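You will see chain A twice below: alongside chain B first, and alongside chain C after that.
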Partner chain A sequence: MKRALTEARLLLIGIPVAIWTLLPIYHLFLFSISTKDEAFSGRLWPEHPTLRNFSIVFHQEHYFLNHFWEQLWNSLVIAVAVGFLTLFIAASAAFAISRLKTRGGRTILNFALFTYFIPAAFLAVPMYKAMGTYGLLNHQSALILAMVTIAAPYAIWVLKQASDKLPYELDEAAKIDGASPLQLFRLVYLPLMAPSLVAVGTYALLLAWNEYLYAFLLLSKDTNITLPVALGHFLSADDSPWELLMTTGLIYALPPAAIYYTFKRYMVSGLTSGAVKS
Partner chain B sequence: MSTVALPRAEPVSPTGPGKRRWSPWQTWGALLLAPYVIIFAVFVLYPVTYGLWLARHPESYTQLFDDPVFGGAVVNTLIFIVVAINLKMLAALFLSGFFVTARTWIKWLSVLFILPWAVPSIPTILSIRFMLNPEWGVINQLIFRLTGEDGPNWLNDRWLALSMAMLVHVWKSLPFWTMILIAGRLAIPNELYEASSVDGATAWQKFRFVTWPSVATLYLTSTILSMIWTLGDFNSVYLLTGGGPADLTHILATLGIRYLRLDQVDLAMATIVCALPIVLPLVYFMMKRLSR
Partner chain C sequence: MASVSFQNIEKTFGTTKVIHGISFDIHDGEFMVLVGPSGCGKSTLLRMLAGLEEISGGTIAIDGRAVNDVDSKDRDIAMVFQSYALYPHMTVRDNMGFSLKLRKANPAVITERVTKAAKILNLDPYLERYPRELSGGQRQRVAMGRAIVRDPKVFLFDEPLSNLDAKLRVQMRSEIKALHQRLKTTTVYVTHDQIEAMTMADRIVVMHDGRVEQIGEPLDLYDKPDNLFVAQFIGSPAMNVVNGSLRRSNGHAYVECGSVNWPIPPGPGADGQAVALGVRPEHLALAGAGRESVPGEIIVVEPTGAETELLVQVGDAQITLVTTGRPNVNPGEKVGLAIDPGAAHLFDAKSGQRLATA
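Showing the complex of A and B:
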């Protein structure tokens, strides 16, 4: 009896949590398989589910979707570039600070932490202005560099925490064997840090793929914007084709979800351990 | 305790890197640090300095304070960080307790629960936006079918729209903070709970005397961090209400970007400077905590 009561109480929490979590995502999916009329009818399942929306999106058969494939490609290129650049910059910095004990490393780590704490929307204003000065506005490199700037501090912090845990005897042994700093970095450090590197690279990649604000500030040509900016354009129209907007949105949301679940075990341990050190 | 690098701070160990004043190891260290230092100087230090310099005119502030939108944005921002964050963190604390319960279905639910955080904001927020559409949205149609009355015009009333924006924020970031607090709870040794069971502790007493003392610091740090980030939560407000109706639901982040879009960079920077009295103490607190 008492056991049944516990189960009932757990279900009483679990069911609302499931509905709360899934409702907006289900709604997104529902629109993508409905015609416009059915989408607007408020039904919870369409009478005639259809894949027509996907075909319209994939064949770019709507004014708003003329550059769909190009924009998807832009998103991909930018996200991958941000992922690798961040990895390169953060891994070298963390190695220099944590293993080589480079002078001034501590100060630079504090600068990075400080950057990490500035809300991104606040940094966007001066960054936009500076990108204008550098003549980078409307170039994809502006978005890549901006996202690396935002992703790198946290990446350095997580990698520094992780590399502090590696035993120093390894470095000593490598030195006695006559390894150069670069060999130590490549042959000892990087392989040992692989799980954290995966976590950090994925983090930077997803951050860039998901970014809306910086993308819409820094890029504006139809052919160089990323997919989220194009989705934002739908909003400015009076008669937005919502079912196509949601379909495109669903396509755009799938890769990050898939990547997240693929690397989940690295992400969760890597990111939660660094996020809040109590 | 190694603090900021002092030339003599390195204890001379026979094989340690600080053996000579400028060994190849130090050169390589400087080289490897250089990429980040350049990024920081070019994309953080210079822009921020330049931005603050742009915000130096007192007239910008007079103009800002005369703009009725600004006062509303300050109030909205404060409500956002006090109400939304505390609600969210309390929910996260509660749900972290739920998710550590050992059941197979709860394990599966926790996998789904992460979704709002794992998918990008724009599609899901736009989806919520349509759900709240007064005529065609699924929520009002459901209200009509159940009660025969028209539902409220969700996004056309200042407080209702702001509440919805806060709910969107909670929906989006609750999974992340729940995950953090789950990690905190899993670090508590199980023996403590077993011992308290033997002593006949109630569920509340277990929480009060075992769980809470262990996660309190984590909870506080998470709350502060979430407050800082939420000040910059542009998406929840912009994508749901666009600042409307009549610019009544702006928060400082969206207002700053609005001025920027209107090409009033001075005002945009002044808006951000006005947020610094809230941001800087919180950042200082976090820096103190994390960089020991």
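Showing the complex of A and C:
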């Protein structure tokens, strides 16, 4: 009885939350299968659902979509690069701070986390200036470096918390077995950290995949921007092709969803592990 | 195989000194047990030998070579940890072969040595399993296997049996002992369990508060403890100790302890000296009232089958007595206790040092 009551309460909260979050996505989907005329008709289901929009996007048959595949590829390259670079930096830093107990490691970690007190939007202009100084503007590496900068502190923190939980005896056993710090890192630390690495890598990857502001600022050529920036361009016309914008948006949202569901297990355990001392 | 020598070893953590100048030698092939209560510094001493802790002062030498500044991996030692510290992502085979792999040994040699060690430890059916698929005892054996494969100069054990249940502990105890008799590798074994120390050791180092209390063969420690600490630490149930004054008159000696006079054989010590009298539970016997016994009242009777443990109130003290057989006594009964001749231990009350066997 009591269980049923708890369940009912959860449903009472769950259903509105589900509707609340799914409604915009439903509209996104609705736009993508409607013709331009029908898109704003206010119906809950179009009279003549069509896949024509997808065909237009895939065949780049619209002015705003001339570089669709290229821009999708840019997004992918940048996101994957950010994911791996963040992982490399964060795993090395977490290993040094948590396992090698490098002097001053904690201070550096705190400094890194401190950067989150300043909203990323405020850092955009200084970042733009810095990239300009190094001549990286309009080059994808600028966006990759910027996103790694943003993702790294959190990634280091999560990995540090997770590696604190690995038994210290493992390091000592490896040390006695004859492992150098680098061998310890490669042969013992990384394999054991795999779940957390997957979670943090995915986090950084999705952060870069979804980034708009920095991508918009640091990249400007049609052929090197990411898809979110290209989508932004849709709005520069008086007569925006909303149905194509939504279709592209839906397509763009699919890979993250797929990644999330693939690694869901790691995401939940990885990002929360070490959050509380057990 | 090698000897190990500790000379004036000191260890400080910050401003706290935890080990105060310890010196002793471990002979080639010896099974040496470091025993003491938690916090006595035994594990720290072992970890310094392993190279996992800095040595604050003194010299540790393995086979005559000072190793203070030598890396763990170059000390030619192998260590078994309390928590086993097996690599969870490697199979038993890889765990055991890891050190050889790091040393870039020939894969054929690795396989051969792992197989040989697995055979010694009865692990051959488990070589392809992961640590999580093994029982506690099996994991413990893998940890030992990892050490054996190395064929090191010295084996180090850091409370290896603490995580096992009582029955398995007894079994592994014999296995480790048998392994040592087979391999004859110098072994340093740390435990807080005096029974483990007594049953396994060739010699025991009893430590307390960062100092060595006594070093000796198990039965020597038992029969002739140097001081009160060793007397009470070694042996189970623990030795009875009562404080009182030593009295000598007319060739008789006794320890006056409140209203009770404990008769003891003649021996060293001055009349009127404050002493602690120690008697092991099995060196007491039930006796009638008389000049050679003390009166007491039985509080608890605990039969264990082969033996019976009695708790007896004597004056202000509660005395434990262990006797073989099954005496017909009940709680509340008045009895007399007699000390076996030559089995009383006298310690100076202030310093805790042994006077002599009275």
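Everything below uses one rule, namely that the second predicted complex is superposed on the first by the 254 of 278 C-alpha atoms of A that agree within 3 Å, B and C clash if a C-alpha of one lies under 4 Å from a C-alpha of the other, contacts with A are read in each partner's own complex, and residues count from 1 in each chain.
Keep in mind that, in the parts below, contacts are C-beta pairs under 8 Å (C-beta built on N, C-alpha and C of every residue); 3 or more make two chains touch, one makes a residue touch a chain.
If you're wondering where the values come from, they're calculated on a predicted model, not measured in any experiment.
Engineer: Considering only the touch criterion stated at the top, classify A:63 as touching first (chain B), second (chain C), both, or neither.
Structural biologist: neither
Engineer: Look at A:152 in the shared chain and tell me whether it touches chain B only, chain C only, both, or neither; answer first, second, both or neither.
Structural biologist: Only chain B is touched by A:152; chain C is not.
Engineer: Touch test for A:129: chain B only (first), chain C only (second), both, or neither?
Structural biologist: first
Engineer: Please work out whether A:191 is in contact with chain B alone, chain C alone, both, or neither, and reply first, second, both or neither.
Structural biologist: Only chain C; A:191 stays clear of chain B.
Engineer: Who does A:101 touch here: chain B (first), chain C (second), both, or neither?
Structural biologist: first
Engineer: When the two structures are overlaid on chain A, which partner does A:249 contact: first (chain B), second (chain C), both, or neither?
Structural biologist: Touch partner of A:249: chain B, not chain C.
Engineer: Touching A:18, do we find chain B (first), chain C (second), both, or neither?
Structural biologist: first
Engineer: Contact-wise, after the overlay, does A:235 reach chain B, chain C, both or neither (first, second, both, neither)?
Structural biologist: first
Engineer: Have a look and say if chain B or chain C is in touch with more residues of chain A.
Structural biologist: More residues of chain A are touched by B.
Engineer: After superposition on the shared chain, which partner residues are touched by A:170: those of chain B (first), chain C (second), both, or neither?
Structural biologist: In the superposed model, A:170 contacts chain C only, not chain B.
Engineer: Hey, what residues of chain A end up touching chain B and chain C alike?
Structural biologist: 172, 175-176
Engineer: So in the complex, which bits of chain C are touching chain A?
Structural biologist: Residue list for chain C touching chain A: 50-52, 72-73, 77-79, 81-83, 85-89, 98-99, 102-103, 146, 150.
Engineer: In the complex, go through chain A and note every residue touching chain C.
Structural biologist: 167, 169-170, 172-179, 183, 187-188, 191-192
Engineer: Mind listing the chain A positions that touch chain B in their complex?
Structural biologist: By the definition above, chain A touches chain B via 10, 13-14, 17-18, 20-25, 27-28, 31, 40-42, 44, 88-90, 92-93, 95-97, 100-115, 117-130, 133-134, 145-146, 148-149, 152, 156-157, 172, 175-176, 180-182, 185, 206, 209-210, 212-213, 217, 228, 231-232, 234-235, 242, 245-246, 248-250, 252-253, 256-257, 260-261, 268, 272-273, 275-278.
Engineer: Name, in rising order, each residue of chain B that touches chain A in their complex.
Structural biologist: Residue positions touching the partner: 2-5, 7, 10, 15, 17-18, 24-26, 28-30, 32-33, 35-37, 39-40, 42-44, 46-48, 50-51, 54, 95, 98, 101, 103, 105-106, 109, 111-116, 118-124, 126-128, 130-131, 136-138, 141-142, 145, 171, 175, 179-180, 183-184, 217-218, 221-222, 225, 228-235, 238-239, 242, 253-254, 256-257, 260, 265, 268-269, 272, 275, 279, 282-283, 286-287, 289-291.
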